[in-house]
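Each chain gets a letter, A, B, C and D, in the order it is written, and its residues are counted from 1.
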């Protein structure tokens, strides 16, 4: 019997439209356990100060909280603390790489390779880099089961490829890409590998050294942490050679009127006052996740996903996407025939079931799938079979409410 | 008799090194009232969801909290909500302008004009823009009293000047620049005016329309709000013509494989999941500040500043900077002869007095003042005369502890 | 609650094919979209002597946006431009919850049935899409 | 607490002018800095036959960094390179709180008086500046 996680998440015991909430939009953001909220409040109530800058005790405490969080994140993904840069979200992390690495290392004739399943945050920045540097942006397409086409990879990955940017888990299909294999293949042709870990780091153990990723971006808020804190991991050697991205306070060494030298890693990439409250929350979140354990997280999510898919498959008017591949994690995307996903979401909302409807910030993938929009249920370990039953019951009501025969 | 603000700030009633804390580093970051902390916790405990994206009620609530915060900020500085862009701190706000406006509107022969009193965050980004675009970075120097030299302004502001970037209040000298007059003069030659409001918006009423600023940047954490939320105001017409800065989720309209159209203001500049918890805290902070009232804030800070200066002037071994001009707000910068500021700060810390020592992210100003580093006491309305007395008592002990005759 | 939104009337209008076509003599064509949902419509108008002689649309979207478009076209056919502008404003005000008096809303005919959308902030844009598109199409006429 | 930091010994060393000069026969010159405080020193060494024959410094900084530099120079004068490296490491370990046994620290002579800095994280860099600079200067010799 699993621990009743609901005890730690008051919001999951609350009501939405007079029903206990079944929160199935964890791909967008997760809820926060009490320990995380307590840690934020504890920070502001007892240690709040500007870190790095002050000699006095309060500031020393803030610095320690902030740097402890960095060490914790480093350990969590098997990196070194100097290789962990705090940002505001995964999107900023990816933009940092696009601006500081991309704009400065690409030139005409080079190519950037991404997949058609990328989130806009790992797509639009590369489009802009391609436009600014006159490089070509190529796409890896998918097999019928939703997985990356190896033939397409082999065709498009060449020694012109300077950057391979790939999500470890698609936020629409929930399929786990074999990033380790991809990275090895990309490194063979000399490309740098940027991994979007926004959907993977919260759900499966991620080891940057084992993957041999050059960069890994993810967001705190999708792994129990407060909003406003994201992470960029980068290999030390690469980060050291990159120019700063944002500039200003705390990332400098010496500033003269016409010239500036920059601080060492990781400060070089952290300009201005950082989100220490967010870091405090992130620390507590990692502690909580490690308490649960990835073996449990994977087991629970796998059970919920399999159960959902098998129940939805019983409904002839439901169409599923990417649900036949085995490398599937916690995300089920579907449509109800003749009903627009926004109407589905509204009807589910009235039943207290929170799912996401729309393009999921992946318009090129939607187009590839031939859909304008879809419904998405995404799980975290605190969800239960009861949540799935509520989802299925609500789905069964939809066509009736919509007056479809 | 002023309200006892300490009731609202538990941290100010706590001890640092066995003394009740006298927190005089408000220029670096301020403490948060309980209402702000409650509002963050309330958000995570009851309304947490990804805004803008969800159809379900929780997400609708999160969206409302986020957009209400934007409307509140807009009203606070007399702007329109569309003109308010949320960032992570003032530094990001200034970098946004430097990257998106600066890099795209300047070319060789143009000039950028800033003051020698700028914080690195309103200096280094312009240095980098100047280097990238081949433009010249000019400095306005100061009169003996620390105020901007009008002669220098007249000399250096010309029709080659495309950007005037100026702080409204220096974080070292605490002197209020007449931004309204500067903006008028700059607009006459066609320059765009970027105002660093990090030290002004928390302390004096700021009206962007009255100032006629083109951009105004400030940070939530210096005005009672949580860390991780900053603000950029920009005139609508100018923002509309600027390309996006960060790109990714939520800032797009349509994304195709090779081209993207962008959302309208303000979303165009807000990529990825935003800090809704931070916005909730910022809302509560503005409510609190308006409850206190700027008339009270200015009166209290003025009293504390005047008192501090007059007491420090009695000590022959104390040297003061920028303390003879009348346009002074809440910041007192000084040195104790023969003692390095870091030693001063350590000794004050042992007495429970938190001040800042160093270059205050303003190295060019330090050089201009002929100092390597200084001590800085900076006030907020919750400070008291007792805090000042504690500061003065501690300062009087310094030279003895340092074994200076 | 939901029964007040997804009524039979709205279902009928959202599924109706009558106004879903191309006009032979269109004088104005306007695209409207709601990128966050993927809703997209193209509105065609035949305007002559300051009167909307005919109207039709094509596009995809949720039931609310489709029904709202269909109802709007029924309402606008034969209306003077000024009248159409006023009605579009009235509808938008209703959806924003600024007008609640049923008597005032009578003029909107069947489209008044969308009144309850005002309680669903996430769906407001779906309901108003067509009406904003119309407003843009006839602006300055 | 403070009395254990700002001792008379440290005051003396921080104000001492003896080691503040330029060496006539410097063989190595190394700049060290601590940008966040503005501390800056230039360390000069005269090395011959694997031995630090003489050392001196110039620069500005807080009492702790100045005293620490002065004490280090007193300690290092006449030491073999290997010995100097070992002592610099010992000192840095002490400041980081990794070595607390007074007997072990005896070798550091007067510099052992800076031991209590290990309880003041904000000042650790001040104390170690000179020692890191020395370490860089003799690295690879």
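To be clear about the criterion, a contact is a pair of C-beta atoms (placed from the backbone, for glycine too) under 8 Å apart; a residue touches a chain by one contact, two chains touch by 3 or more.
Just so you know, these numbers come straight off a predicted model, no measurement behind them.
Report, in whole Å, the distance between the mean C-alpha point of chain B and the mean C-alpha point of chain D.
38
What's the distance between the Cα centroids of chain B and chain C, rounded to whole Å?
Once rounded, the distance between the two centres reads 47 Å.
Measuring from the mean C-alpha position of chain C to the mean C-alpha position of chain D, what distance in angstrom results?
So the centre of chain C lies 79 Å away from the centre of chain D.
Which positions in chain D are in touch with at least two other chains?
36, 122-123
So which bits of chain B are touching at least two other chains?
Residues 17, 53-56, 59, 252, 254, 342, 346, 357-358 of chain B each touch two or more of the other chains.
Is the way these chains touch best called a line, a ring, a star, complete, or other?
Graph shape here is other: it fits none of the named patterns.
Could you please write down every pair of chains that are in touch?
A-B, A-C, A-D, B-C, B-D
For a test of understanding, state which residues of chain B touch chain A in their complex under the given definition.
Within the complex, chain B touches chain A at residues 10-11, 14, 16-17, 21, 23, 25, 28-29, 31-32, 36-37, 40-41, 44-46, 48-50, 53-59, 88-92, 94-95, 99, 116, 119-125, 127-128, 137, 139, 219, 221, 226-230, 246-250, 252, 254-260, 271-278, 342, 345-346, 348-349, 353-358, 361, 363-364, 367.
Over in the complex, which chain B residues touch chain D? Could you list them?
Contacts found on chain B: 17, 339-343, 346-347, 350, 357-359, 366, 372-373, 401-404.
Under the definition above, what is the set of chain C residues touching chain B in their complex?
Contacts found on chain C: 33, 35-36, 121-123.
Over in the complex, which chain A residues touch chain D? Could you list them?
That would be residues 52-56, 59-60, 63-64, 252-254, 263 of chain A.
In the complex of these two chains, what residues of chain C are touching chain A?
Interface residues on the chain C side: 1-3, 5-6, 8, 11-12, 36-38, 60-64, 120, 122-123, 126.
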